[in-house]
Amino acid sequence: MKDAKRPEVIRPSARAADALREIRLTRDYTRHAEGSVLVEFGDTKVLCNASVEAGVPRWLRGKNQGWVTAEYGMLPRATHSRSGREASHGKQGGRTLEIQRLIGRSLRAAVNLKKLGEFTITVDCDVIQADGGTRTASITGGCVALVDAIRHLQREKLIKSDPFQQLVSAISVGIYKGVPVVDLDYPEDSKADTDLNVVMTEGGGLIEVQGTAEANAFDRAELNAMLDLAETAGARLFEHQREALGIRG
Amino acid sequence: MKDAKRPEVIRPSARAADALREIRLTRDYTRHAEGSVLVEFGDTKVLCNASVEAGVPRWLRGKNQGWVTAEYGMLPRATHSRSGREASHGKQGGRTLEIQRLIGRSLRAAVNLKKLGEFTITVDCDVIQADGGTRTASITGGCVALVDAIRHLQREKLIKSDPFQQLVSAISVGIYKGVPVVDLDYPEDSKADTDLNVVMTEGGGLIEVQGTAEANAFDRAELNAMLDLAETAGARLFEHQREALGIRG
Amino acid sequence: MKDAKRPEVIRPSARAADALREIRLTRDYTRHAEGSVLVEFGDTKVLCNASVEAGVPRWLRGKNQGWVTAEYGMLPRATHSRSGREASHGKQGGRTLEIQRLIGRSLRAAVNLKKLGEFTITVDCDVIQADGGTRTASITGGCVALVDAIRHLQREKLIKSDPFQQLVSAISVGIYKGVPVVDLDYPEDSKADTDLNVVMTEGGGLIEVQGTAEANAFDRAELNAMLDLAETAGARLFEHQREALGIRG
Amino acid sequence: MKDAKRPEVIRPSARAADALREIRLTRDYTRHAEGSVLVEFGDTKVLCNASVEAGVPRWLRGKNQGWVTAEYGMLPRATHSRSGREASHGKQGGRTLEIQRLIGRSLRAAVNLKKLGEFTITVDCDVIQADGGTRTASITGGCVALVDAIRHLQREKLIKSDPFQQLVSAISVGIYKGVPVVDLDYPEDSKADTDLNVVMTEGGGLIEVQGTAEANAFDRAELNAMLDLAETAGARLFEHQREALGIRG
Amino acid sequence: MKDAKRPEVIRPSARAADALREIRLTRDYTRHAEGSVLVEFGDTKVLCNASVEAGVPRWLRGKNQGWVTAEYGMLPRATHSRSGREASHGKQGGRTLEIQRLIGRSLRAAVNLKKLGEFTITVDCDVIQADGGTRTASITGGCVALVDAIRHLQREKLIKSDPFQQLVSAISVGIYKGVPVVDLDYPEDSKADTDLNVVMTEGGGLIEVQGTAEANAFDRAELNAMLDLAETAGARLFEHQREALGIRG
Amino acid sequence: MKDAKRPEVIRPSARAADALREIRLTRDYTRHAEGSVLVEFGDTKVLCNASVEAGVPRWLRGKNQGWVTAEYGMLPRATHSRSGREASHGKQGGRTLEIQRLIGRSLRAAVNLKKLGEFTITVDCDVIQADGGTRTASITGGCVALVDAIRHLQREKLIKSDPFQQLVSAISVGIYKGVPVVDLDYPEDSKADTDLNVVMTEGGGLIEVQGTAEANAFDRAELNAMLDLAETAGARLFEHQREALGIRG
């Protein structure tokens, strides 16, 4: 592992190793969803719509709790070359299912399901344009949409107590040409040795850590360097979320 | 059929019977597709991405011509209440297939497939927000994206002659509370007696005419009144397309 | 558009421009269905079976009304070359879904769903042999089967009032070698410039108008000429239906 | 097992224990297929269309032989109550697959695949009306359609030697109220203790024997009594096939 | 048909014509299922797990009876060359469905469904290693697992009377190089002229007889010779089952 | 986080916090696969069959390299209550796809794909009995099967150089009642606060790190404690693998 501070490593985007891309969270992006957020991590753009529905899945009925789940999709031409439409192929691919399971687990950490009552909130994360980091953008933006959906339930007096527990955000970190870097865009992601997605809580806790060695195995020191970068990035992401939501930090 | 000029019929939007919603065509909306247009008919917003791929479907191989096709989808929360994700259900519904077949047939009228050479242009029309008229917006916006994709092929010198033939646009007309009206939004569409989608060429020709009596049958006079409205609307849509594309009328 | 009366245009079948093929409606073609009609438009043969079932689809429950729907299929060798069996492919194609949606909408115009009560009538239209016009034959024959199914409900005293509203029939018209012609068979259909399917009520009303320009756009005059042909044809189709059903005109 | 000759057992159809229903084989029933036979075993009516296609399945390529296969389907209202359309359910049921595998294996016994050359003959057996014995009718009628398809290949001089080997026919036998009976119709079939389908060659050989005890096990004596009935029935079926085909016995 | 006693026919396994492979029935093979049996017919190894679930399929509700069903699967590399995983292909093949229907029908003969009460027992037969005869091994082993599941219901006092009726076992017989042989392994099975699967009851009754001529038709004498072999084999299989279950014969 | 050394925490299995279950690797478990290993982590039993096939997936053709992939499945009654058969449901669930993607990525780290040549090795991991840790057992056992498949290719002289790079093993660690523990069985896994799966190389490198907070977020100290446990466990797993393969450490 090289030293991230060393100046000669130039990321394709010319960003510093610890620099995030421009982050934007636009609430009320569409008008029907109870929470609707366009999240942008640079050129990665994901529309996160949180929908409230009365009732819970069959296996939760009568347990006096709610449910939060997520679905993920990519528009066919969100990527460099067109990928087939999953609806037309007749099934969601493994990558899609893996990502939407990750988003769902992550967002459930933001909510006290007991206090949610028998409501289901589904957060649809649809990638309009992809440039690396779509799953971490989805979690970060999806959490804001989820909060808006919870606020809707409260405003409509459909629930009494507040099920919101904590903000959740996510970032990718990796080892690019031997240097730990944060928020990889596609040119970096496709060449990185290691790719680590980290989902965090405002309190500094870890919700999910998913690291994959693409070419060579990584060691504990590299893992720690990546987690340090993720921690710093997380602080900034929570600021963005709080600002978007008008929450004082 | 009542007289469209009679003042007492008030459309939910307060528009005049022959008034279109605000039409917007934003080119280069995403960065990967060879043609990428966000089309807005009021609150109906559809992202139309035209993708160029070398080769043609198996049944056209060796026939020395190209192909233009379309796919249509709705984001799950483009509508008032969330509809299931087709990729998750494992198939595209009948309405989706019917619409994408209509869009494909319509857009092929814009192109000389012989001159296109062995390329396939797929126009993905994904509805970001629905408020009536998604199929007509898709055709109108998809045609602009298609032209951009053709221009890309020419710029890259992949084709020699110009396969572009003519602009194609589409509009919905209907009978609402007995009065023929143009460009129905969702509140009108859901209560209209008759719904007619008209696909037109710049030269005044008809490509597709699809009329459905929702409650009561319609007669030839009503059909003609609706077609008159569509003709007038078509002229304005072609202006919007030409303006977006920088073509002199 | 040429003059339909001009003698030199010879249809492949040598029919006059306004001549239907031989129409036959054979009731009680199979013995299990509540209504079972073999409809023949020349060599196009479709078996239309109307089945009565108690209950309505989930989304209509408790609304105190019935439902009429249709399904369409082609036997694999109904056509010149064998087409794959949809059951084996695992899904119905877009054309099939588009056609069965059209048949269902058309047949619902024949029935007062409120008076039908909580029954569902499914009209299965299975093409035994195809020679153009299978969807219009299906509607025309399916309507007769539907009436028989309604009569069954009345005979069995399962409903009190009569939900039958009006006969519905359908015909294809087109522009073949510049001349408007009615009831296109396959050789014409595959070469026609324009293809228009018209669904009509006995009272002269229009239920569905679906016109498609195959090669060149059509104009309002051509559309009107085709609709004139359809109107005349409709009158004859209603006679066939009334005769088959033993209804006085 | 009771004695089949005892007069007091009355089959629902009043037929004698060894009496077949009326058998009809109508060739050239539809006009597109190379072989098209409507087979009727009483009220059971199956349309058997044999289609010739150049080429063989991938796993037979280069082996210098042909292939014969079958597909089976039931129109949704071929039966007393409507059964769902398999194309709409997205898959063929186990019963359908089991039957079409049986038909395919049986018909291959009629043909020398080496002499067929690299052609595939697909025999589609679609049940128009069901009253028991659809699989045996399919085999018996399908064999005639298959012979017609082979004759077509010879007439068109697409093959040189004659791949036809022998006629194949099939019949159901069973134990009904303790008595062995032949050619069970639906009222018998649904109450029979044992159901045995027998596929035979003209030379008296057995191709398939599929016996199932519905309620009580059967013994060797009963099996032999049923096979005796099948053998006698087979002789008559081969006569029907030869007569239909104009072959001297 | 040659004489099975003639010494010169040497089976690939060097077994005598009437010799079974080594049969092993290992109960309690896995720990979760109410009945879990590994059945081995030589190198053919099938894990048969019987699972008890409260309730019956929808179409049996309220009929005051239970249900016994089976599912069959092959691990992808149970065979010489890897076959695709059916779960990944998205459907069970025709052979799989045919076999699991056979197993289910056969095992239902072992049980009085009325006495079972509203419980469903599903017997999963998963082939760990295949060497011919997987369906007959599945029935023979599945029956032992089924008895264990019934004993579980009795031990847990979930049912009062004993629904067990009789043991059921199955064996394959065939004509190999002109000689009737029993319990065919894969090298024999793949070259046999005729293949017959016989499902029997302890009392000597026949439940299922499924014979297929692979190359040449077989005659009644051959069928009888094969059934004789099956009968003898059945007696030994029932001994194995009784011994495994600790039942006195 | 409590101190793992503190004696009062009693795991359901009474194991020490750093104690693995009994690990067994049985090679040549079935006879057809090129590598066939039954791996047991206590009561978790997974059959890992590695199959060699000539050729590579379409997207790798002509790149002069091989491919290693994995498929994962659970027998329906591998678990406490029966879960539906994925082949019958018509698709693999998200959990299955996520696990088989993880196994595939992990095993590819063991192999130099360039040296493998144009062969595909598919490792099928089928869970015979589940008691927690099926994915880590699959990787650990699958790696041994993979080595056997590579040795087969070498023995058969199908490849010249040795594509084997390094052993790969995997273990689950977690926080159970506040204490970091290794190799969680089902009773622990279902109640653990955090679950971390770690895939390692012999050289001490990390291939995959997948941590999930089930109830409460975890912190860096807990993550490190878990990784320490995984590292120690890894050393023992590599010993087991080397011993099974007869490799000197």
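For this structure, a couple of remarks:
Just so it is clear, A, B, C, D, E and F label the chains in written order, and each chain counts residues from 1 on its own.
Just so it is clear, a contact is a pair of C-beta atoms (placed from the backbone, for glycine too) under 8 Å apart; a residue touches a chain by one contact, two chains touch by 3 or more.
In UniProt terms, the chains line up like this: A, B, C, D, E, F = Ribonuclease PH.
These numbers were taken from a predicted model, which means no experiment stands behind them.
Taking each chain's centre as the mean of its CA atoms, A is the chain most distant from chain D. Residue-number overlap of contact pairs with C-D passes half for only one option from A-F, D-E or A-B: A-B. Relative orientation of chain D and chain E, expressed as the C-alpha superposition rotation angle, is 180° to the nearest 5.
Chain centres here are Cα averages; for chain A and chain D they lie 60 Å apart.
Our note on geometry: chain E versus chain F, Cα centroid distance of 34 Å, whole angstroms. Inter-chain centre distance (chain A to chain C, centres taken as mean C-alpha positions): 51 Å. Counting partners per residue, chain C has 90-91 as the residues that reach two or more other chains. Note for the complex: chain D touches chain C at residues 30-33, 36, 43, 45, 47, 49, 51, 53, 71, 73, 75-82, 85-92, 96, 122, 124, 126, 128-129. Chain F meets chain A in the complex at residues 91, 93-95, 97-98, 100-101, 105, 109, 196, 200-201, 203-213, 216-220, 223-224, 227.
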